[in-house]
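Two complexes, one shared chain (chain A), two partners (chain B, chain C).
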Partner chain A sequence: MKLPVEGWPEAAGQGRVGVVRRVVLLALRDLRLEVRDRAGLLSILAFFAVMLFIMALALGPEEAPLRRAAPGVLWVALAFGSTLLSTRAFALEVEEGTLDDLLLAPGGKEWIYFGKLLFQMLLLLPLAVLALLMAAGLFYLPLERLFPLFLTLVLGVLGYASVATFYAGLLARLRGREVLLPLLLFSLVVPVVLASVRATTGLAEGLPVAEISDWWQLLLVFDMVYLTASALLFPVVMEG
Partner chain B sequence: MLKVAQPDRPDALTWVFLGLGLLLLPVGLYLALSAPPDVNQGYLVRIMYLHVPGAWLGYLAFFVTFLYSLLYLFRQDPRYDRVASSSAEIGLVFMGLALVTGMLWARPTWGVYWTWEPRLTTTAILFAVYVGYFLLRGAIEDPELRRKAAAAVGILGFINVPISYMSVKWWRSLHQTQSIDLTTGKIHMDPAMLQALLFNLLVFTLLYLGFVRFRSLLAALEARKEEA
Partner chain C sequence: MLLRLQGISKRFGRDWVVRDLSFTLERGEVVALLGPNGSGKTTLLRLMAGLLKPTRGQVERAGRALFLPNPPAFHRHLTAREHLLYDLAFHHQGKEPEEALDRFGLPGDLPLYAFSSGMKKRLALARLTLLFPDIWLLDEPETALDKGGRELLLSTLAEARKKAGVVLATHDRTLAERVADRTLELGVA
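Up next is the complex of A and B:
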């Protein structure tokens, strides 16, 4: 059966290309809405700035303790910041009543999860880079090894966003989700935060890449497990 | 949904598990207290007879939660959810026991109650995940969404169990490695100690089975009352 939905790949005979296109379309649409709105983006940026600033003030003006605290502060800021962001991924859909329309689209439902995840990643990564730069400025975090640092950011943020997107979808219709989400997320993503902090610390202290790659491997394993489990569970949980 | 007659009282099997477990508990304690002291740790080793079964049963309980959460998601029968939450509850108790006995052992051995080494950290995370599980259950009013969300935590949270179990091998931590290694099947333990440990493990398993069956029944009664 063919359902003519304008601009959407048709359900009949949908191949891998169709699904990928759906994912990208959804992510780009959300990204456009978010960039046009600006309020959300700006509030998260301001949150990063204020949080890093307060932490820098609290941990004292000496360079050594600041330098030591930098990776931890960076990842805690990212964790809190992305919780703020993940509720936004589904908040608009629920407000406008379009979540049901998405769920009614023929075919599997995994693409909604991947679309939202891609949207999160596209927003979070630039924000994370900005946070990294702020941490470098305020906490003397050395940036010489920019590429390994970026890799750590990508792996850590992906691990975080994969669970955050899943839970944001699950709790989208719930009233107290802003309170509940961090509670659920933080306990689940502690391994990710731990591995990211260790990897960043190692990079800041100038350890050889061979020693840090253990943490990267761990991060990669977590990312894969969380991503697969979330993608498999998402359709089951969103039905009905 | 399949409508099954729900009993008002625990069935015979539940009573057998509970009765045998409670009856054998003093025997297990006697065996633990009469087991020979360790070469290195002396009498302190006897905490192990509570610590190891507690930790194992905690892992087992969370595994059962994982299994029944999966079953719930695919069959949508509230009974599975009740077993999952009951098992998580009992698991928290056993895990708590393992944590407390571990701390009591650590103080004279390592000099501190708590240290942030991998096994302890991963176990604390595990504990936090299942505390979160119950906070979540308490926070959602819609029963169906509550069951679904809880099932998701039950499944995703279980990922930490193998990590916690393997942490002593992967990171070569301060905590001792397994005396009975499930991955290789090797046993590094004196037969007299092993006997006492296995006996306590049996007692704890019986208690666990009894508790879960009992708690699931309670949950069923609660659910029935909520509906009425």
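Up next is the complex of A and C:
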């Protein structure tokens, strides 16, 4: 068996290339586990489908209310989906007892955070695109401005997942983590969800990019702050 | 000195599991931890590894420590070869797992959910020989092993003794007397 990033400079070992290699490998390993297990992936897909379908039934069939609600419904679905996924990212390790192995690997603990975050992004972005297509079909969400919509998805999902991954790691070894995670998480990520909804609404209403870019800048600032703070605090909270 | 514990105590809630314990481990030394269930053997190993913080006291390590839990922890949807390859990559080691898989008599391409407890224990030992830490912390390494597995454990410990230090928690006094340079008897705190 060849690892996906085999052939990367091994000699670079513990340098920056070594850290990036470990981050990518951890994300790809988790992706492999998730695909083989299937249960988590299927439950998130089912959640997206059921939630969007029920909301469409509840708000429809007129086009105007559906179109107005589309950005909000889309981002609520993505927020809950990301929460489910972040719990799984560490549940995989806790259920099998393998978190200790990762913590005892040499060279800090930040790479575990970035590996788990990359895993979430690799899984969540295709799911977000799928949710966007479902929202387009069920809620008349226009897809003419696909690139700006995708940019909003990336910025919003990154901001949400960066905090969700941090809290999932913090709570990984606690009982009742599934209850605590949303409580802690939602209070902190409200600005990200609001900015994402406003940017998506602006794109759906055909506002010029100049007006929407304020929301993108806000999202970018939140992403940077959350990423930096989470990466700095993660090794501290993973101490025994 | 590879490992030094100075006045270590550990409390979970109101219960003291380890109280005021001091200990040193030298390179080339094998120390056996003995004691009844609940005497704090596993907690002590986890404190030594740095997986737990002591309530009081200090732990100093002059090398890389790895902890083998009982039962060993693996992702059941990976094969043995995949698991070892990922472990090697996470530990920055560019070795090949084939030799270790052969030596420990393990099928490389079988998912770990199909492994017996003894096979998982063999895989855990194979993992340790590949990663070869300075400090080996083994929690009941003999359980679930058959006669052949036990021989492999003894040869692995002999190999580890040459370059590293080993602390093993066990209920098997025969094993402790055979492999350990000294024993540390723990009582229920």
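In this text, the second predicted complex is superposed on the first by the 227 of 240 C-alpha atoms of A that agree within 3 Å, B and C clash if a C-alpha of one lies under 4 Å from a C-alpha of the other, contacts with A are read in each partner's own complex, and residues count from 1 in each chain.
Operating definition for what follows: contacts are C-beta pairs under 8 Å (C-beta built on N, C-alpha and C of every residue); 3 or more make two chains touch, one makes a residue touch a chain.
What you are looking at is a predicted structure, and each value in this text was computed from that prediction instead of being measured.
Of the two partner chains placed by the overlay, only chain B lies in contact with A:184; chain C stays clear of it.
Using the contact criterion defined above for the overlaid structures, shared-chain residue A:25 touches chain C, although it does not reach chain B. By the touch criterion stated above, A:122 is placed in contact with neither chain B nor chain C. Residue contacts after overlaying the shared chain place A:92 against chain C, while chain B stays out of touching range.
Of the two partner chains placed by superposition, only chain C is touched by A:103; chain B is not.
By the document's definition of touching, of the two partners only chain C reaches A:37; chain B does not.
Shared interface residues of chain A, touching chain B in one complex and chain C in the other, are 240. Partner chain A is touched in their complex by these residues of chain B: 73-74, 121-122, 125, 128-129, 131-132, 135-136, 139-140, 144-145, 148-149, 151-153, 155-157, 159-160, 163. Put simply, chain A touches chain B in their complex at residues 163, 166-167, 170-171, 173-174, 176, 179-180, 183-184, 187-188, 190-191, 194, 222, 225-226, 229-230, 233, 236-237, 240.
Listing the residues of chain A that touch chain C in their complex gives 1, 3, 10, 13-14, 18, 21-22, 25-26, 29, 32-33, 36-37, 92, 96-98, 100-107, 239-240. Against chain A, in their complex, chain C makes its touches with residues 46, 49-53, 64-67, 69, 73-79, 81-82, 85-87, 89-92, 94, 109.
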